[in-house]
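Order of writing sets the labels: A, B and C. Residues in every chain begin at 1.
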């Protein structure tokens, strides 16, 4: 649980990050750091503060104290859209697609959130603007191809089944050309087959795009698989409970207690 | 100096009226998180019902008040059931509920306009002799307005903080889903809140009508009350009252010392400026969306 | 004949203003009931420029629109920068519009120019004929279509559907909302100018909450995220009451009632999400012809 000794390699560093909501301390003195290209997981029981960490990183909420450093520079107080442009992109726990836009329009938004041509060109649609739009459209379809959604390109996002929506969100997040990708429960609601596909997808984009990825997940199988050879951070009640590779975490008594602490009591009270 | 106190008293009485409106607005807002645009219409409706009761039905003042309150409550609860509840149950986006409320407002205000006409009417009661205290005249109606507002707000406070139903409402204001999981009847809460809204807006309408005039678009002052409660800090009833009193006094002073035709203009501009620089009110907290 | 010309002109003016509201409310999701104020700003400025300073008519119209657009920043910038909630923004637009109306009502002269206060600004040159208005409507439609299908327009739409997600994907909320507001105020301002040049007279009483509600109605009934929907509705809302005089008194009552009904039964409006493009035209044509047709990509 110590900060990496060589900060210049760190793409992301959280130092003593704390946030209070009224009387509740949602995140408590959290410190962690990631090197470029790593893929790590953030796990913990419900209410542990995992999504809050993502919200802090993207400045959806302000920390009460602490530091967030992207490539060594503080990003506290930077507006979320600027943070996205600096290279951090995310998906959402509760899926936030643009419901009435088609799948490809959703992805395209990530490509043109800063428009690629001037306003005047927009009103007169110059040949240059038209070409830019064509290129953007092609790139969007490419991204859909990567997540295997090309045949749904023209379907309304809200009409897609849940599992496909999750993949679409990933494609959209990729469209912003991030360095750091934050995936919030990408496997939620998926069955075993879908999980396996997802694991493959995430591994594929990690290898080809060289993103740094943080995954929040409850599906232990997904976590253990993705983080083979990498780290898992365990959060409980806002504090960092443990860090380690999958084996270490699986055998960590504290972690087991945090997740399964209740079971022992139940057995005791229902014992004949 | 006497002029100042005169204006002050007058300002307090109009502030009291605004307070009734602001509290009604804050109540709906804190529980349902939306702006009840139809408030406008309820106020005008209340005033017109009382007006009609006195001038056409020859009722004495107190009976007319009750008549007006009852009818406005029916209107308020009715519009909740027909125009808001279906959307609320569907968890419709706020924009839709606002448009629906605007619709109720449009329909009712223009119905009043159609049936009563747009002329400014003087409320048909005898203007009794005002009281004189140390050279400052205090209108009887101003006094009554202040008194009744005070009593009504005190009763409301007692209801919210001393009864079970009040507790239910306060719980719903914090988190409506949890409240319903705890066994609080959402529809019952809705009905009570809109009953209260009806009472507050009709009383405010009657006293505003007495103080100024009765006309179909008189409800536009609810905008001022809304902003006053926002300025005070939404979700806080005491703040709504404080905001309204300040507004009432300030605008009356402007009206008295500068010009009455600039009164509304001053209020709007003052409120907009505050709203823009204190978007969560002077005392309020923002409602962050859950990500 | 002149009766139908009057309807064409008035509905044309209404269409242009309604397109403005459609861009702000229908696409970007920002509820405004203050567009009458922008119409007033544009209208009065254009009229003054032409009547007092002999500025060419078209230039004056554009100046009026630009003026309204710039004034929109007065409430837009603080409101969007502090992320003012939707309904407070609506209240602010209403307050702003009312403030403008009250100022105009109480201002008899601007320096040496007599704008007449509540009596109105008179003897404005009558430049709005059918031809002018039709050209204006066509241009308005063209540029609106260009805007909403551009990357700028799509960013506005994203804000309208989920502004939190839009911001997280890199859309600058402040700049994009200000852009939508400017464009919509510009349209309203031009419409206001055309109105003044048609009646040869402007009065603050033209620009009340009723006017703003009329414009909102066009968007609510016509459809969210659509240009064609509000356009058709804006036309109908002007043409029909004129043709059915008897209904005129009940007009607003009916609107109010319909707002509620539409929100409950068909919140996306008549032609919500339907856009004027090749697909729409093709589908319509095929429905008329009763033949199936393939989909055009993009």
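Just so we're on the same page, a contact is a pair of C-beta atoms (placed from the backbone, for glycine too) under 8 Å apart; a residue touches a chain by one contact, two chains touch by 3 or more.
The model shown is predicted, which means the values in this text are computed figures rather than measured ones.
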Chain whose average C-alpha position is farthest from chain A's own: B
Comparison of A-C and B-C (more C-beta pairs in contact): B-C
Distance from the mean Cα position of chain B to that of chain A, given in whole angstrom: 46
Whole-Å separation of chain centres (CA-atom averages), chain B against chain C: 31
Chain centre separation (chain A, chain C; CA means) in Å: 40
In chain A, residues with contacts to at least two other chains: 60, 92
Residues of chain C engaged with two or more neighbouring chains: 164
Touching two or more other chains - residues of chain B: 291
Residue ranges of chain C touching chain B (in the complex, touch as defined): 29, 31, 33, 75, 78-79, 82-88, 90-92, 94-96, 98-99, 102-103, 106, 164, 209, 213, 216, 220, 249-250, 252-264, 267
Touching residues on chain B, where the partner in the complex is chain C: 34-35, 82-83, 86-87, 92, 94-100, 102-111, 114, 217, 220, 223, 226-227, 230, 261-262, 264-265, 268-269, 271-272, 275-277, 279, 287, 289, 291
Touch list for chain C against partner chain A, complex: 143, 146-147, 150-155, 157-158, 161-162, 164-173, 179, 225, 273, 295, 298
Touching residues on chain A, where the partner in the complex is chain C: 58, 60, 79-82, 84-85, 89-90, 92, 96-101, 105, 108-110, 112-117, 119, 122-125, 129, 133, 136-137, 154, 172-173, 175-176
